[in-house]
Amino acid sequence: MNTLGHIFTLTTFGESHGPAIGGVIDGCPSNLKIDFQLIEEELNRRKTAQSATASQRHETDQVEWLSGLLDGVTLGTPIAFIVRNEDCKSKDYELLKDVYRPSHADYAYDQKYGIRDWRGGGRASARTTLPLVVAGAIAKQILQGKGISVSSEVFSMGDAEQARMAGDSVGGVVKGTIKGVPAGLGEPMFGKYSAELAHAMFCLPAVKGFEIGDGFALAEMKGSEANDLFVNKNGRICTATNHSGGIQGGISNGEDITFKVAFKPIPSIAQTQQTVNRAGEKCEIAVGGRHDVCALPRALVLVEAMAALVTVDLIQL
Amino acid sequence: MNTLGHIFTLTTFGESHGPAIGGVIDGCPSNLKIDFQLIEEELNRRKTAQSATASQRHETDQVEWLSGLLDGVTLGTPIAFIVRNEDCKSKDYELLKDVYRPSHADYAYDQKYGIRDWRGGGRASARTTLPLVVAGAIAKQILQGKGISVSSEVFSMGDAEQARMAGDSVGGVVKGTIKGVPAGLGEPMFGKYSAELAHAMFCLPAVKGFEIGDGFALAEMKGSEANDLFVNKNGRICTATNHSGGIQGGISNGEDITFKVAFKPIPSIAQTQQTVNRAGEKCEIAVGGRHDVCALPRALVLVEAMAALVTVDLIQL
Amino acid sequence: MNTLGHIFTLTTFGESHGPAIGGVIDGCPSNLKIDFQLIEEELNRRKTAQSATASQRHETDQVEWLSGLLDGVTLGTPIAFIVRNEDCKSKDYELLKDVYRPSHADYAYDQKYGIRDWRGGGRASARTTLPLVVAGAIAKQILQGKGISVSSEVFSMGDAEQARMAGDSVGGVVKGTIKGVPAGLGEPMFGKYSAELAHAMFCLPAVKGFEIGDGFALAEMKGSEANDLFVNKNGRICTATNHSGGIQGGISNGEDITFKVAFKPIPSIAQTQQTVNRAGEKCEIAVGGRHDVCALPRALVLVEAMAALVTVDLIQL
Amino acid sequence: MNTLGHIFTLTTFGESHGPAIGGVIDGCPSNLKIDFQLIEEELNRRKTAQSATASQRHETDQVEWLSGLLDGVTLGTPIAFIVRNEDCKSKDYELLKDVYRPSHADYAYDQKYGIRDWRGGGRASARTTLPLVVAGAIAKQILQGKGISVSSEVFSMGDAEQARMAGDSVGGVVKGTIKGVPAGLGEPMFGKYSAELAHAMFCLPAVKGFEIGDGFALAEMKGSEANDLFVNKNGRICTATNHSGGIQGGISNGEDITFKVAFKPIPSIAQTQQTVNRAGEKCEIAVGGRHDVCALPRALVLVEAMAALVTVDLIQL
């Protein structure tokens, strides 16, 4: 269950303050000259300590390639890579060892596994999204070669500067677009493009909502408003509008794939909150450590990575 | 890609006007005495021609059990079942054979497969959701035995009667609730409870949005508002609020699982619409046949079925 | 676990004396005109009551196609089919209800499931191989289109006529050959062509051994004897010998794929044997019913079907 | 296709002379205190340069644990580990860069991927079995806790010392035994214990044959000889003989699981052999480098590892 995809697959591993995090990509075509520059750029988009919204953890995030490449060219065999965890201040978390942080996964992990890596959030840390970015960059490169591009933007976001000052955090919505997808991508019944995207986005930390095209707004429209009429534009069948977000019956129709992803506010806040500890005793918590005020705009590259991974996988099916 | 689930799996098959539709359930525990009454009741909730919103297709929907049972008790082997398609008026569709109905899957299927069963929507028809209801009822029965219940309600819906008169259709939002789920269900990284639910719901026809707990509304909150504080209620650790919808870090935390599913309006409307045919020529269409005005409230049982299937599968992992 | 394959998959269901047995093929390419004649011929090769070695159960084995086809052409959607069980003499088995037949799966099933369909062997019956033949015939047809053929022959077999008279049974070895496979088929590390074939063959009832090329005999050779030297035959690289059976490092090398499958004797024999019943009490058994004396030559078509299914699946990966 | 198993899974990666080889274990139960001593012992059984039959490559084979553990205890999250490749003498292979070694995977890889890591056999090297041993040792530890043990022995082997002197190599047969397996393990139809074992063993390099119980010899017996009669031994139902190797109908029956695995001779031999190069030109080859004369006895620990991995996986299903 730590593997994403069917043919082009990504298996990830790692805890926030463990020795390393990483991933194994299987099913990548051979003879692809990896664009390491692109990977680095994507990692920089994700990296912390860049802006007013991001945490103060400093990591070099140097990717070490372990397999699957010969002189930077893919062999068709599994591509394994790791990134060392260097700037671990586990001591920051020692006080939290037995305390359940509100709206974090601490309690759920304890209940599930009976053990939990309490240092920096362990496996539930946002740091574990790093391998997604690496694999996503490779997926983007493959898509580029097919004329497909993935982009995203902040659609809405709370007031981050004000929240930081108040020891609080904010959420936001990311809008994603996939351009150049040919009609016919997606597999009914249970491999629908929309379903695969929804699944992938909900694998990202803090995601609580996902919609395709006009999404929830469609539920308030009439059919006559919502329907995308087919037209012939210079010999190409397309739709006059794109309320459907490029997907009908779970299959791409050749229009832009558009979607939105809702991120809840970062649950770690500096304000004092009531909670309980492992023994069920009441206690207070004011989360120190180094945390983002908002998952956005760092989440942009994550959303794009997931969209790219899903799309590459469906293309190979 | 016509199989849902990992351990408790459902494979479905069938086209709207083909000989039969059906499914194969694999991984069902042995020695379960099937509650055929419950299955029939669930099928009745789905059946057409019951209300102002539903289409006029009349099917007896008699389930024929082919395997996996001995005197109504599960053997642990695959449970196959079919339902014959009887009331097929394929002639209704003959005019549509070469016409792309707006916001339907016709065009996408043609692009994907180069062939399409144009009779009644073929594999993309809502009739193909019937096997989900049968399997969902069995899943519900298993969950019942574990003290878990799944329910749903219409959260919002357009004015169906007005739309019918106007030859139009409406969409709506279904709210679902799963009660009694123990803490610890769901598999990080890519088998999160939320991700599995999102995937399953987007496999239903006409679904365009999904959210867990407060969903998109969370994106507009501050962390201090959105966080669910842990409290000790009579020796049991739980949360004072449930903005998270019972899932944190992708894992259930013991609270009710709550979610919403957005359905677009039924794309088949009686009003005349512009479209193109297979040759790309402009034409007009006014969809006859027998169609719902709204996917709700028939979708309630589908949403519950998917929630039950996902939950049973995660419990067995 | 009742699904075979990765992309071109077959899910089977059914018990020997249940209402029907059948299968669902997913991942079959669209626009294939099914050769029903070939399927019937293959089923006839499998059918009982043909020869001195086979049982006396008479089934018409009429395939009923339920989905995935339009006018006999594949739609790309799941192809479901069933065959009714007609000539069930369950009474023959009533005496065996609580008795564990030697070297049958009765006891193992009881231990696994706590329940067992005792009528005709239930899910463990050789009748459950019928769907393999149907799917295998479709796989063969796809392979034919690519210049690949699958054949088999009886390599060795005990004296069936003598055994029948003695109320006994015999085993045998089937030799299989796949011709026309291009070099490069098979997926290291765990999707090796040889491993997939071995897996598939051991899914057949009564199979106890499998070898590729010279197999066990290779274990007694020296490298200088066993190695297949590469030569250039009219511009085509091939090997001078084929001890490897066309597979090196788990990947096809362009030579004929050759393999052998060992079948144990049919465990149902007319001779009186000692055994125990469900209560662990000593008892005697002389298996009546209608049974083969040897799994061969009926197994030929099964071996070919499995080889074809594996090969089609690997080609689509 | 570089992932083995269904629930307890192992994903491996790495080329012989790449930076590292390694694996990711997913689905391992939490709260297991890893027995690192056992892992080291198992790795020593596999390590080269120990005996007359083994190659002269010297590796420390130090396992580096990257994730999934806290103070040596499993977290329930993926356990990733790597071993660096240190003693790489890639120059030994430079002459072989364009030459197809007889009965090696060189040609097949080139045909499949259009590129090949020629250094030390790349992904097809026996070195890539190292992660199997690590994961197998963990599987063994889990089985130990359930009273299940896996062992193996050399059943037959050519004269290694004589072969070394002659610049030749030999093959052999390994016999494996799994004791303590409860009745009821294995999943019909396509997850039979025998089929899973066969698949796993054929994933090992140089394996060309596999049989369960008496295997190919059963094909020459009569039913009356081959059948394992059930008896009641002190209140426990068991079989008087074990020709079946503990598996009937694909499911364990409580007896010892016994099987044999045939290994072909190591194809790398010092004798001069005819072959062709990439251009199809005739050439000669006398394989230098550091190679085993026989895959046995190093293969013992590999066979046991695969048997343990398959068994742990089936137990968790």
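The first chain written gets the first letter, and so on, giving A, B, C and D; residue counts start at 1 in each chain.
Just so we're on the same page, contacts are C-beta pairs under 8 Å (C-beta built on N, C-alpha and C of every residue); 3 or more make two chains touch, one makes a residue touch a chain.
Given the structure is predicted, the values throughout are model-derived calculations rather than measurements.
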Interface residue identity across copies chain A, chain D - same or different by half: same
Chain pair, B-D or C-D, that carries the greater number of C-beta contacts: C-D
Geometric centre distance via CA averages, chain D-chain C, whole Å: 26
Centroid spacing, where centroids are CA-atom means, of chain A and chain D in whole angstrom: 37
Approximate Å spacing (C-alpha centroids) for the pair chain B, chain D: 44
Junction residues of chain A - those touching two or more other chains: 1-3, 12, 77, 112-113, 123, 188, 317
Arrangement of touching chains [line / ring / star / complete / other]: complete
Of all residues in chain B, those that touch chain D in their complex: 7, 77, 188, 317
Of all residues in chain A, those that touch chain D in their complex: 1-3, 9, 11-15, 18-22, 24, 26-27, 30-31, 64-70, 73-80, 82, 112-117, 122-123
Interface residues, chain C side, partner chain D - complex: 1-4, 6, 12, 100, 102-105, 107-109, 111-113, 123-124, 128, 156, 158, 163, 166, 168-173, 182-192, 194-203, 205, 207-216, 218-232, 235, 237, 239, 243-245, 247-254, 262-269, 271, 273-276, 280-282, 317
